[in-house]
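Chain nomenclature is as follows: A, B and C, assigned in order of appearance, with residue numbering initiated at 1 for each chain independently.
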Amino acid sequence: MTGFARRLAGKLLTGLVMVWVVVTFTFFLVHALPGKPGDVQYEQYIMSGMSSEQASAKVQQVYGFTSHASLISQYGGYLGRLAHGDLGQSISYTGVPVTHLIWSALPWTVIPVLSGLLVSFLFGVVAGIIAAVRRSSRWGGLLTVSGSLVAGVPAFVLALLLLVVFHTEWNLLPDAGTSDIQYNPGWNLPYIGSVVQHAVLPVCAYALLSYGGWLLAMKSSVVSVLGDDFILASELRGIAPVTRARYIGRNAILPLFTVLALSFGVMFAGSFFIEDTFDYPGLGDLLLKSIGTRDYPVMAGAFLLITVSIIVANILADLCYTLIDPRVRR
Amino acid sequence: MAVTANLAPTGIRAGRRWPALTAFRKAVTRKPGRLIGLIIIVFFVLMGVCGPWFYGRLAVDPNALYAGPSAKHWLGTDFAGSDVLQEVVTGARYVLATAALSAFFTSLFGVTVGLVAGYQRGLTDSVLMRLTDFVLTIPGLPLLIILSTVWSFGSPWEMGLVLGITGWGGVARAVRSQALSLRERGFLEAARGLGLSRRHIIFKEMLPNIAPYATMQLMLSMIAFVGAEVGLFFLGLVPFSSTNWGVMLNQAVFSGGAMETPSALIYLLAPLICILLLTLGIVLFLDAVDELFNPRLRERV
Amino acid sequence: MSEVQVRGLTVEYQTSAGWLPAVADASLDLRAGEITGLVGESGSGKSTLALSLLNAVPAPGRIAAGTIEVAGVGDLTRLGGKQLRKARGGAIGYVFQASQNSLNPLKTIGKQLLDLGRSHEVSDLRGLIARALDLANRMGLDGKRVLDSYQHELSGGMRQRVGIVFALVLNAKVLILDEPTTALDMLSQASVLEIVRKVHDENQLSTLIITHDIGAISEIADRLAVMYGGRIVEDGPLLDVLRRPTHPYTKALIGATARITGDIDAARALPGRPPDLTTVARVGCVFRDRCPFAVAVCAEVEPPLEAWKVGAEEQIGRRRACHVDPSTVLSGTPGTPAAVGEPA
């Protein structure tokens, strides 16, 4: 195996280990919650007339692990079911598989997040380049500060501000829900139009969330590259300006992959606030609601999925970087 | 075969009293924004420390519900008649106290782990780093949200502790890399060679070198801490014991309907603007701190 | 017959104290087939001079006065835009220090050569690559392998040779090398100097080597020019300058150089520190504070760079900027003056 392939495999392995750690952590988290929800449920089933096997099986179905078996076998059973994609069943929506709930919530998080990420990347990178090139002028400094400011402001502050300005003051855009109720969901134009209209503010909120990060990262990257010897060398060799711009651009964008990895964490963290404020039924909202109703299987499932998504996104970004930078490729 | 007469061109400037203070003053006054940032921070700190002294108990004026700004209530009142300005000022104390406590705990855990790992290396280092990786991998906010179901960490100490427990990973890693670079510069070997005790090395040699960088990281995380704690209150996950900005936001949006009624808007905007201002202040001031510790960034001749 | 003629060159930098000269009124000739060594300590302005030959003084600097006539191109100080860009690399080649990463880390050497060719609108790119391969092979590199490599896969010495390839592949007639021996061990130093001499001879170039190492440069240079405080204080044929240094600074430099043979105590350091552009004297001779031969006039009038005359006879190709009589400087022992005038 070449050194490169070996390192690739190493990274994948580390990623798998981290996923496993998170899975185990989630198991113990739910298991350790006071009130032993599984046991409580078990008692309830017994009281409602089920036999112990039936009750046991029902608890297993709902929670993913049996309450009275040994810890190890519970854990094993949990992992086994996970491998089959079974996350248990919801308590508040009785009988509905958790995976089903997550699946229907997923698009309302993933699509706005990805859109917001794209928008913020475009604006942030361009702004970062300008801020770097004009860094000694007043505008450059102002741009940088604005980037830091936006990067530092908490997600819900951004969301609330957007709401106040665009809904309360100017009433341009709606404040809650994914679409107006009068439209039938489906691939028809009015519905899609309404969805888009309702999605504008959440996407803007997501975009603002990571815009600051892109700007600052790109600026510092461009500044650093501009100071590199080979940039001066290319000027002294008479390289054409367009080519030089390409040299600078590609070298500066490379480190931004780490920002991409970080962005996923930030976006998912922000999803709690943004979905709460805009009443969007995404993953974050699912987790929050499940906490309100103490719906433990859903809680565990949502937490697991969010955490694992972030880890996987990090790994992917890391892998992409390895593939693109020839210095690492060897 | 080099010319031995070659010495560094820049001379040593004559020392002044308190050179650190002079450098600090210069860095802050170089750009006006930084001074503004410092002023803002001091303003909020004063608000947090001295503010509540001006108000006895929370004055409630049941006659004026959701009143607009007036001479008596500069920022109007909220849904229960409490003076908004009063709430903002008293709320500041909680927010800042918690942020400070979070910073304290984070640095306590992070610096300790980072220093020990960087100094010891070997097995201790590996174990500690695995632990740090673990803490870094688990996303903080979802964890905090889940934790809120079992533990209601409402008081500043509890909140600070929890934020510290979930957030020390980044500091630990940064401190460790600083420690490793010190090691590489022969710092530690020289100290060891001089026969200095381990405690002396860690506290008198390593810590002062790491402190500036760590402080900067901490100031940066202050923004995140404020965001996290206010956010947790806003989401309604933590019980309200006293008023703070997060509580105000939560009340304003979810019970007060501030989104709809423009008159109640002030109740929503006041804490919002405070958070914005505080963030701005820290961001502006950090520019100066950054330049102090990173002389390379100074725009020189 | 000069490829490059520099007259009255003054380069200034903007500081908090205003525009200060890093190079003041410099005049220099680079002739075809000659290697000129420009020697000076850090802060002497030699690197600024080299960069200004390409009209590439970085901000906050600028060329304030003077002309740089390059054969076949014109006055570089008057060129701009595309013409200037073409001259860089096309007429004058610049080689960076070995320790510097002068190439794009993300592209192979070969691709960057093609970029170079396209930037200079070279119609025959194949020929360009062929010439590059030829140059590389002559310098002891495996041309094909190097062209397919990335910068990080090459050693410092290899990178420097690649740098020379880039500087010469467009048939520039002038070659400037910035500190080619710094950051290299003794053996590599020797081989680099050998390669430079060889390449220079084969292509009949005008070569300028910037260095602080007077010993290294003495191996291959034909002419020597000495810089101090932004001024050229002495120049002439190498051996003649080394044997008969007529400027106190040159003498001190030679005297301070430790030799492998002989008594190491014979090397004398010069007291004091070389100035940089903020601390250099504005009135009078820039060297007078450290000069053991200084007299009263040295503090008031700056000595111009003039031909050295013994009686009425000009010593061919020798110039010096000093008030003190050359014979006084020549007869004094290194480090200690034979006769000291009134101290400045």
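Heads up, the rule we're going with is that a residue touches a chain if its C-beta (ideal position, glycine included) is under 8 Å from a C-beta of that chain, and two chains touch if they have at least 3 such contacts.
It should be emphasised that the depicted structure is a prediction, and the values quoted were computed from it without experimental measurement.
Novice: Let me check something: if the centre of a chain is the mean of its CA atoms, which chain is farthest from chain A?
Specialist: C
Novice: Which chain lies at the heart of the structure, taking centres as C-alpha averages?
Specialist: Minimum centroid-to-centroid distance belongs to B.
Novice: Counting only Cα atoms for the centres, state how far chain A is from chain C in Å.
Specialist: That pair's centroid distance is 57 Å.
Novice: For chain A and chain B, let me know how many angstrom lie between their CA-based centres, rounded off.
Specialist: Distance between chain centres: 24 Å.
Novice: When the centre of a chain is set as the mean of its C-alpha atoms, what distance in Å lies between chain B and chain C?
Specialist: 52
Novice: Listing for chain C: what residues touch at least two other chains?
Specialist: In chain C, no residue touches at least two other chains, as defined above.
Novice: For chain A, which residues count as touching chain B in their complex?
Specialist: For chain A paired with chain B, touching residues are 18, 21-22, 25, 29, 33-34, 136, 141, 145, 148-149, 152-157, 160-161, 163-164, 167-169, 175, 265, 268-269, 272-273, 276-277, 287-288, 291, 294, 299, 303, 306-307, 310-311.
Novice: Using the touch definition from the top, list the residues of chain C that touch chain A in their complex.
Specialist: Listed in rising order, the residues of chain C that touch chain A are 51, 54, 56, 58, 85-90, 94, 96, 100-106, 115-116, 118-120, 150-152, 166-167.
Novice: Sort out for me which residues of chain B touch chain A in the complex.
Specialist: Residue list for chain B touching chain A: 31, 33, 133-134, 137-142, 145-146, 148-150, 223-224, 226-228, 230-231, 234-235, 237, 249, 253, 258-260, 262, 265, 268-269, 272, 275-276, 279-280, 282-284, 286-287, 299.
Novice: What residues of chain A sit close enough to touch chain C in their complex?
Specialist: Residue list for chain A touching chain C: 228-230, 232-240, 243, 247, 250-251, 254, 325-327.
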